[in-house]
C-alpha cells in the first residue's frame, strides 16, 4: 500500500467504525440490514478472490455459503459456542470447496461456470429433500448459547460480533491477495500458459484459491445463520451464487475493495426496492444491465471514467472497426 | 397385464417430459454452440412462452386446434422478443469478457422475470389442457393422457424439423459454417450478425414453445424462469455443449429416469438430474455427444 | 497498364497495439496478377487482411474500382467481389467439400452470378472424387485447392491468395500453380498473390511488389526484380 | 550454467500429418544454436517438444543426459528450461516489476506462500537486479501491456533468466521488431549468453540475426533435419537455398 493509500485506509476505518456505532441507534430493522451488508461484503470479496484475482469463473459459490449457514444452524441446535461453530462452518465449506475444486480442475472457462453452477444445484436439491436439514422449511430459531465473551442473544452484541468476524476475515483475504501466492494468482489470471512455463503448477493454485474462497464464503454463510436465525434452502439456490458476482462487477473486479462497495450498494438497493415494490427484480436487473453495458469496471472506475470524459477523450478505447 | 403398464406408463410420461426438456435445452445448446454464449435469460423466454400461451387463450378451456394455434403463436411471439433483444443487447454481449457476458444475460433474466411479476402477478395461474386431451388411452388398466402423446409427437416434429433446417438448407449450412469459423464465414460473404440474430430468435422460440406446452401442466409463476433454466443447462452439459442430438438423448434419458425414480425412489428423483450430470462430468467431461470443449482463456 | 481494380494509398495498419503497415500504396489492374513478396512477418498477410477488412485496424484508402472499402463489414467487402483465401485455408472441417464450395456462393451478386458447381469442379479436377469428403479428412494440398475453388464460387473480381504454396510438397505446389495460372485467363479476374516462395510467384505474375517491415520497398516487373541482386539478397534470399 | 540438449529420432504427428519426422539433434552445452527453415518446417513444434508442451509419438528428449521425454513442462522448468514465445507472452496487467518478481518467486518455489504478506527482501533485490540487467528499471512501474513489442521481448527474456535458466529457448526473438530494436535485442542476447554461459536455442527468420549470433545452424525442412553445421558452410549449400528460399541457385 502506498502512502496515499494508507490515509485512505485510515479514513475508511474511521468511517466504518463511526457507522458501526451509529447503526444500533437506528432500530432493529436497520441493524438486520447492515448485518446483511457486512456479510455480503465478505461473501462478495471472497468470490472476487476467484473472479478478479485468479479468473476462476465460479458460478457455484452459494454451495459453500449455504454449507456454512447449514453447519452453523445444525451445530447451534447442539449448543456449540459461536466461534467453534463458525470454525466448523469454515472447515466444512473449505473441504467441500477443495473436493469440488479437484473434481472440476480439468475444465476451464465457460464450461467451468456451468459445471460449478450445476454442482451447487445438486446440493440445493439435496437439502430440499433432506429431513435432517429441515427440507423445504429449513432450520429456524438458530441462536447462539447465551454465554461466553459476547452475549449474542443481545442484538447489539451480535452486531459487533459479526462486524469483528467480517473485519478479521477481510484482513486475512487482503493478506492472501498481497502474498507471493496472490501474485502468482494474478499471473495465472493474466496468462495461465505463461505461468506454467515459469514453473507454476496452475491447476494446484486454482484448487488452493478455490478452497480459500470457499472457506471465506462458509464464514459469511455461518454469520448469516446467526444474523437471520433462519436457514432455508434458498441460501443454496443458484441465484445466491449470482448475487456476489453481481456485487463484484458493480463495485469493480480487479480491485480489493470494489466488490465490498458493490455489496453495500446492492444489498441496500435490494432492501429499499423490496420495501417499495413487489417487482424489485426488474429494477435490480436494469441497474445490473446498466453496469454491464456502461460501467463494466464498476463503481471504482467511475472517477477515472469522469476524468477521461472531462479530458475530452473517449472513455473506452475505440473498438476495432470489425473483428469478427 | 399388470407388468406392462408399470413400465409403459412411466416411460410415456417420462418421454413427454423429456420432450419439453429437449425443446428448451436444444435452443440453449444451439445458441451456445453457434454464438458461444451461455444465455441465462433462456429461462426467461421459457416463462414468457408459457405466459403468452395463457394470455392468448385467456386461461380458457379450448379445443385442440385453437390450443395448437396459441402454442405456435406464443413460440413466434417469444422468438420475436428474442430477435429484438439480440439487436438491442446480445450483439453487445458477444464482445464482452465471459463474466460480464454471463451477468448481462443474468440481468436480462431478472428483467424478464420482473416484467412477468408486473404483468401477470406473483401468484400461480393455470391454463387448462385442451379439450379432449384430458382423457387418455388406457394402457393395461392405467389411463395415459392424450396430452402426453401429443407432446411426444411435437418432439418428433421438432427433431425432424431442426435436423432438416441444419443439415439440408442453405441457412443451416451458413449456421454450421459460422459456428465452426466465424471469420471464414464473413470472408465468404455470410452476414454473421444476421445469422446470429436469427439463431437467437430460433433458440428462444424453442424455449417459448417448451414454455407454452408446459403451461397446462404447472401452476404458472414468474419463478419458473429461474428454476427451469438450470435444468436445461444440466441437460446441455450432459448432452455436450452445442450438440442438438446430445440434448435429445440427454433430455429423454433424464425425463424417463426421473419418471421411473418418482415411482420407485421418490427421494432421489428431484436431484437425480444433477447426479447424472456430475457422473457424466467425471467420466466424460465433454458430455455424451460433445467434442472436447476448446475455449480461449479470457 | 490496365485500368485499376484495386487501389491502395497511404495505408497504415495496426494489430491491437502493434503498428504493422506503414504508408502502403499499390494497385492491381483489371485482369492482372500481382505478386506480393516478402519474408515471414514482413506484413503480407496483414495487408491482405486489411483489404478484406478483418482483424486489422487501418487508416488510409483502399478502393475497389473507385469504391471505398475501409468502412465496410467484411461480408460486404466479400459481396463486392473480394475473396481472401487465407494462409491457414480455413476449410470447414465439419462440412463436406461440396458444402464448403456451396458456401462460396454467398459472395456472388446479381451482376456476378455464381458459377455452377460443375463449372468450378472442371477447373479443379482433383476435387471431383472428393466432394462427399469432410473438410477435416483432406490433405493440406487438397485443402488449398478447396479453399481456392470455394473462393471462385463467389465469382470474385479480386482474389487475394495468402501463401498458397506454403507447407505443400513440390508436386502439389506445381498443381496449385497450374490452377492459379489457369485462373489468370478466367474473364477479367485480378489476383494479388502473397508469397515467400519467390520463384513460384514470379513465374505467375505480371507485376511484383516487395514488402519489408510493413513498407513497400520495390514495385516493378518480375524481370526488373530478377536484376536487383541487392533486393533479392536482403528481402528474399540469403 | 548450461544444459546439453539431445533429440533422438523424435517424431510428432497431428493426425495423419507428420510435423517432426525422425529428428535427431545435438545442442552442445553453452552454445548458441539456431534452427532455421521455411514456415511449416516444424520449428515451433520442436520448441514445444523440448519445453514439454507437446508429447512425442516416437523418440527421446534428453536434457543434460537425462531422459525427459515423459517429464511434464513445469518439471522441466525446474531443471532450467526457460522459454520465450514468438509473440512475447508477459502478464499484461501486471507491472514490469511484478512480472519479473513472479518469475523470481517461481524460481525460488515461493509462489505457494499465502500465509506471509510480504515478499522476502532477498527476492525483491534479485528482481531489481534482473530489471537492471535488462535495462528495464525505468519502466518498472508501467503495466506490461503498455510496452513496445521490443521491450516486451526484453522483459520476457529477463523473466526467463530470472528463472536461473540453463537452456534458453527463444522463438523468433526479433519478430515484429523495428531494425533498431532488432539490433538491440541481438546485442542483448549475445551479452546474456556471454555473461551466463547459458545454452541458447533459437529460431529466427531474419538471416542477419542468425548469422550474427549462431555458432551452429540446423536447417529444418518439412519436419526433417536437412543439415546441421557452422553457418558459413550452411550458407554455401545449394539445397538449402533451394528449399529455404524458393529461389533457384542461379538467381541467388
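Note that the chains are named A, B, C and D in the order they appear, and that numbering of residues resets to 1 at the start of each chain.
Everything that follows uses one rule, which is that a residue touches a chain if its C-beta (ideal position, glycine included) is under 8 Å from a C-beta of that chain, and two chains touch if they have at least 3 such contacts.
What you see is a predicted model, and the numbers here were worked out from it, not measured in a lab.
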**Prompt:** Counting only C-alpha atoms to place each centre, which chain is farthest from subunit C?
**Reply:** A
**Asked** Of all chain pairs, which one counts the most C-beta contacts?
**Response** A-B
**Message:** With centres defined as the mean C-alpha position, give me the subunit B-subunit C separation in Å.
**Reply:** 44
**Asked** Roughly how far is subunit B from subunit D, going centre to centre by Cα mean, in whole Å?
**Response** 50
**Message:** Counting only Cα atoms for the centres, state how far subunit C is from subunit D in Å.
**Reply:** 33
**Item:** Residues of subunit A whose C-beta touches two or more other chains
**Value:** 191, 193, 324
**Asked** By residue number and range, which residues of subunit C touch two or more other chains?
**Response** 54-55, 73-74
**Complete:** Among all residues of subunit D, those touching at least two other chains are none
**Request:** Could you pull out which subunit B residues touch subunit C in their complex?
**Result:** 170, 173-174, 176-177, 180-181, 183-193
**Message:** So in the complex, the part of subunit B that touches subunit A is made up of which residues?
**Reply:** 36, 38, 40, 89, 92, 95-100, 102-104, 106-115, 117-118, 122, 182-183, 185-186, 192, 226, 230, 233-234, 236-237, 241, 267, 270-271, 274-275, 277-278, 281-282, 285, 293, 295-298
**Fill in**
subunit C contacts subunit D in the complex at 17-18, 20, 39-41, 139-140, 163, 165-167, 169, 195-200, 213, 226, 232-233, 236-238
**Item:** Residues of subunit A touching subunit D in the complex
**Value:** 175-176, 178-184, 186-187, 190-191, 193-201, 204-205, 208, 212, 254
**Footprint of subunit C on subunit D - complex, ascending** = 16-17, 38-40, 145, 149, 172, 175-176, 178-179, 205-207, 222, 235, 241, 245-248, 251-252
